[in-house]
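Structures given as structure tokens follow.
Shared between the two complexes below is subunit A, which pairs with subunit B and subunit C, respectively.
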Partner chain A sequence: MDSFLFVDFTRCIACHACETACGREHGGAGRLYVMRFENAAVPLACRQCEAAPCVAMCPEDALVYDEGSGVGLVVERCTRCGLCVAACPFGVMRLGAGPGGDPVRCDRCRRRREEGRLPVCVLTCPTQALSVQGRAVVQDRRRIHFTGLRVS
Partner chain B sequence: MSPLRVRTVCPYCAVGCHLDLLVENGRVVGMAHAVDSPVNGGNLCAKGNAALDLLNHPERLRTPLRRTRSGWEPLGWDDALDLAAQRIQDVLRRHGPNALGFLSSAKCTNEENYLLQKLARLLGTNNVDHCARLCHASTLTGLAPVLGTGAATNPLTDLARARCLLFVGSNLAENHPVAFRWVRRAKDRGAVVLVADPRKTPTAWIADLHLPVRPGTDIALLNALLHVIIRDGLEDKAFIRSRTMGFQEAARAVRDATPQWAESVTGVPARDITRAARLFARSKPASLIYCMGITQHHNGTQAVRACADLVLATGNVGREGSGLIPVRGQDNVQGACDMGALSALLPGYGSVMDPRSRAALEALWGCAEGTIPDRPGLTVTEMEAAAGRSLRALVAMGENPMVTSPNGNRVAEGLGRLDFFLVMDLFLTESARSAHLVLPAAAWAEKSGSKTSADRRVQWSPRAVDPPGDARADAWIITRLARRLGLEPFFPYKTSEEVLREINRAVPPYAGITPERLQGAPAGLHWPCPQEGHPGTAILFQDGFPTPDGRARFFPVPFEPPPESPDADYPLCLTTGRVTAHYNSGAMSRRTPALMDLSPELFVEIHPDDAARLGVRAGRRVGVVTRRGKMEAVARVASTVPRGVVFAPFHFPGTNRLTLDVVDPEARIPAFKAAACRLEPVEEKNARA
Partner chain C sequence: MTVPEFHQRIHVDTDRCLGCFACALACPEGLIGWEDGERTRRFHAPALCSGDCTRCRDACPVDAIHLEPMKEPAPAAEPLCWSLSLALCRMCRKPFTTQPILALLTRTLHHTVGLSQGECHWALCCPACRRDLESRRLLDAARWNR
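Then we have the complex of A and B:
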């Protein structure tokens, strides 16, 4: 996969805009969680793991990994057993509310992306703590940031 | 058919973000981010993202309600307005106009604020005020004699161009998140960020230097900063010489305000004070951003002037990227002030005591000479104190004093003594519950009008949909009420546009801000805009100051400790503030599920050492007691709050039962920010095993 929801937590101000926007975009059930600590905050969402524990754990092969779009769900196969929820190392997979609630996690706003629009969390973030980035850019940014901190 | 897209101005804070509503068949079916907005570029905070919940909310008031012995009784508009007019006339006849009070609203449009103050003054009273009294009254009184105008000198977008940003008592990141985009941009360009705040807030997270000042000692810190700047010869001598007066007196006043002295008063290390002063003076242009941490004190007016002194001494006025930025809280608090919804000031800031200002307005209105009283009326807190005594009837438009005013128990008693209490609001708020008559009002997207954001940016926000049920715009309600009170000739308006045209004539800085121009201005217009064709003024004081001699004035500011300091009985200091998920009295945000998920209950922050010493456990309820009242809240134990300080947000009923109603002598703003308190254990009624 070549594009990621990149979280630069040094820019996050814990305003929770992404979380609220995500909930609105997805009918009330947000898929992104801002973890606030005393000196920083981290928006947490599905990392689209390549060797995804949720995919590996799913007994019905309802969760699949696709090289182009990341982790996907085949709704018809899902039994809502919840093993994926238990397996997710980030705690960002959860079963939707109510009967028939499918496992939900960030799909980087697939529908919006198909229309050529940015994920809603990226759009709403006032400090550009969230962005969609290619893998190479992510690594570059990290290196620049890391060395920049040290040099200055 | 794709839905109609209507651009409105967000109903929450004073950044003035654009929010696009998607309308289909007369209903809002969704919202879209205004990506091309010159204000917010599509960004919105949590509250803005959740704003749609306010439209068609199940708890919205849909019909006028009268309180009876058996509960609330719905009634039609004719009956409701007849009742209101009759009760107001009763009071007028028996007690005279000064027995009437009007609480205007920073959540209503310029037109509505203009109409309500016009109604009050035509009835013969200056008892009209609004919640600016509780947030930035000290900005008006503080800055008027210093700069000539009590408003932000530069647009918020300018923050991105500053080389140094000094925040004093402002938690911009949490309370105006979208404005923080410009702070972040400045930081990306290498700007220095300094934050003076008792707590390590998200604003302080990106600070190069955090100055954890003790609540109520900001003046000592600001004086010491000025002391170091003068001592080190870093003041802008050319600016001081050519554009200001009174520098020598101000310099003398801070001669003894050494960093060492300030350390003993504020708790901020002397070396950090010295470093901050040098950074601020050497990094130009620099901007000073202040908020309630400065204004809400018994000496708020003086604290504002201490901020201004610092900005003047460093020549940071009248140029891009510099400035003094009082960040306003509500979407139209700047506008409500501009419209004269203040007990001592007429539209455009003429004093009620100035015969010429009164005469000009009387001529414009076509009323009899001497209609407008020549003495200031009662302020918000004075009306509450006089309620049921000299004040017999109160009309509150979109205000919730039961939650927002200090010493809340006293407020509740006062409101309960009124002969007639009329509330116009979206919801049956805590205050509305004690009203005799409640009138259902329209929300932002259900009415048209102009609003003025924190940086004097006037914007038009059009009606996108109809209000629910029988709810009506406040302008409609005021106009109909005024006509029933025999003021028909003075309230001929059919549209907000007509009211704005009158404002163009009544408020000189708005003279060129006509409805036609405003509706066609995607970025709004910054006042002063003195005539048609004027582009508006984003940056104030580029050439001169609107003072008699065109110069700004330094004010020597003495430091005085807060009126209530911790003692043996009340050993801790209670300070109040906001959280990002909520908004003021919570009337809107506490009814929004997405926001309640983020911040569901009243809490207090306590330092881990204090918590350990007092046996307070994180997540458990604790009692907070001051000389005025008591509340219970969930304890949050965090070292972001200093030892000896307890922080409580004021969005939930409770906090303001504890706060201090001592007021600043000039601004009459209450000292919300520092009260002595103690913590008490709470017996857990339903303690879980």
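Then we have the complex of A and C:
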């Protein structure tokens, strides 16, 4: 199943529905960040970088990159040191609320994906700004240009 | 004065410490603490520990903690205290991590991810400013592609 989140931000109307849906699915605050500007809005979420700085920084091998599904967290290995948060080039990873919260980022709704269902943000977005696509489609939007990183 | 119930001595290599506070989060007794000031993060920990776990040591990503088992009761000792400089965001000037973590990030981006220093100005910014930078970059790119 295609599993990379594709954001067509030119369609986004900044309703924050995706953020709310994401928060409800995972508990706590949403893992998308809808950035608002005067006449535009940009929803940001984890890009599943191929050469991921968060994966490179993690001292416990708790973050692993998988060709088919992107970056995943092995929660039992994580010590909550927060080095991954410092490493994310897009600022879309944070430590969960409260003392000892796990690192929190878009996991493309792992639980739902394993059941073959769509992420809740994709289902909720009223303007179809969010969709799930294969790696190839999403990679056309690589951002080598901007951050020097190969990202999905 | 002797304190027989304490049976391990905590040593922290403060030159190695990154200031990540994994040790503080790992300690089941909450014996290790930290506060952030304007420019420094200050840690405190007891010199002697009555627990028999090794969780702080195991959590530390740089092996900065050494636990020395004590065979004999030891006299009470001054608590440990160490501090690290915070790194301020280049855009908003708010602290977002420690200097040693930032230095490690720069090295990692260079050696592991293959980014040169010129390619990662974003590393000097806090997460909120990185989001701002990225969304402006995307908007600019969309304008160019039209």
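Rule of thumb we're sticking to: the second predicted complex is superposed on the first by the 131 of 152 C-alpha atoms of A that agree within 3 Å, B and C clash if a C-alpha of one lies under 4 Å from a C-alpha of the other, contacts with A are read in each partner's own complex, and residues count from 1 in each chain.
The rule is short, and it goes like this: a contact is a pair of C-beta atoms (placed from the backbone, for glycine too) under 8 Å apart; a residue touches a chain by one contact, two chains touch by 3 or more.
Because the structure is a prediction, the values reported are computed rather than measured.
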> Which of the two, subunit B or subunit C, is in touch with more residues of subunit A?
Replying inline: C
>> Looking at A:24, would you say it contacts subunit B, subunit C, both, or neither? Reply first, second, both or neither.
In response: first
>> Is A:124 touching anything from subunit B or subunit C once the two structures are fitted on A? First, second, both or neither.
In response: first
> Does the superposition put A:64 against subunit B (first), subunit C (second), both, or neither?
Replying inline: neither
> Is A:132 touching the first partner subunit B, the second partner subunit C, both, or neither of them?
Replying inline: neither
> Is A:79 contacted by the first partner subunit B, the second partner subunit C, both or neither?
Replying inline: second
>> Which partner chains sit in contact with A:89 here, subunit B, subunit C, both or neither? Use first/second/both/neither.
In response: second
> Once the shared chain is lined up, is A:40 touching subunit B (first), subunit C (second), both, or neither of them?
Replying inline: both
>> I'd like to check the shared interface: which positions of subunit A are touched by both subunit B and subunit C across the two complexes?
In response: 10, 40
>> Looking at the complex, which residues from subunit B come into contact with subunit A?
In response: 31, 33, 35, 40, 42-50, 52, 173-174, 177-181, 184, 200, 202-203, 205-206, 580-581, 593-595, 598, 638-640
>> Applying the document's contact rule, which stretches of subunit A touch subunit C when the two form their complex?
In response: 9-10, 33, 35, 37, 40, 42, 44, 51-53, 56-57, 59-60, 79-83, 85-94, 99-100, 143, 145-149
> Mind pulling up the subunit A residues that touch subunit B in the complex?
Replying inline: 10-11, 13-17, 19-21, 23-24, 28, 38-41, 120, 123-128
> Mind pulling up the subunit C residues that touch subunit A in the complex?
Replying inline: 18, 20-22, 25-26, 59, 61-62, 96-97, 101-102, 104-105, 108-109, 112-116, 119-120, 122-123, 126-132, 134-139, 141-142
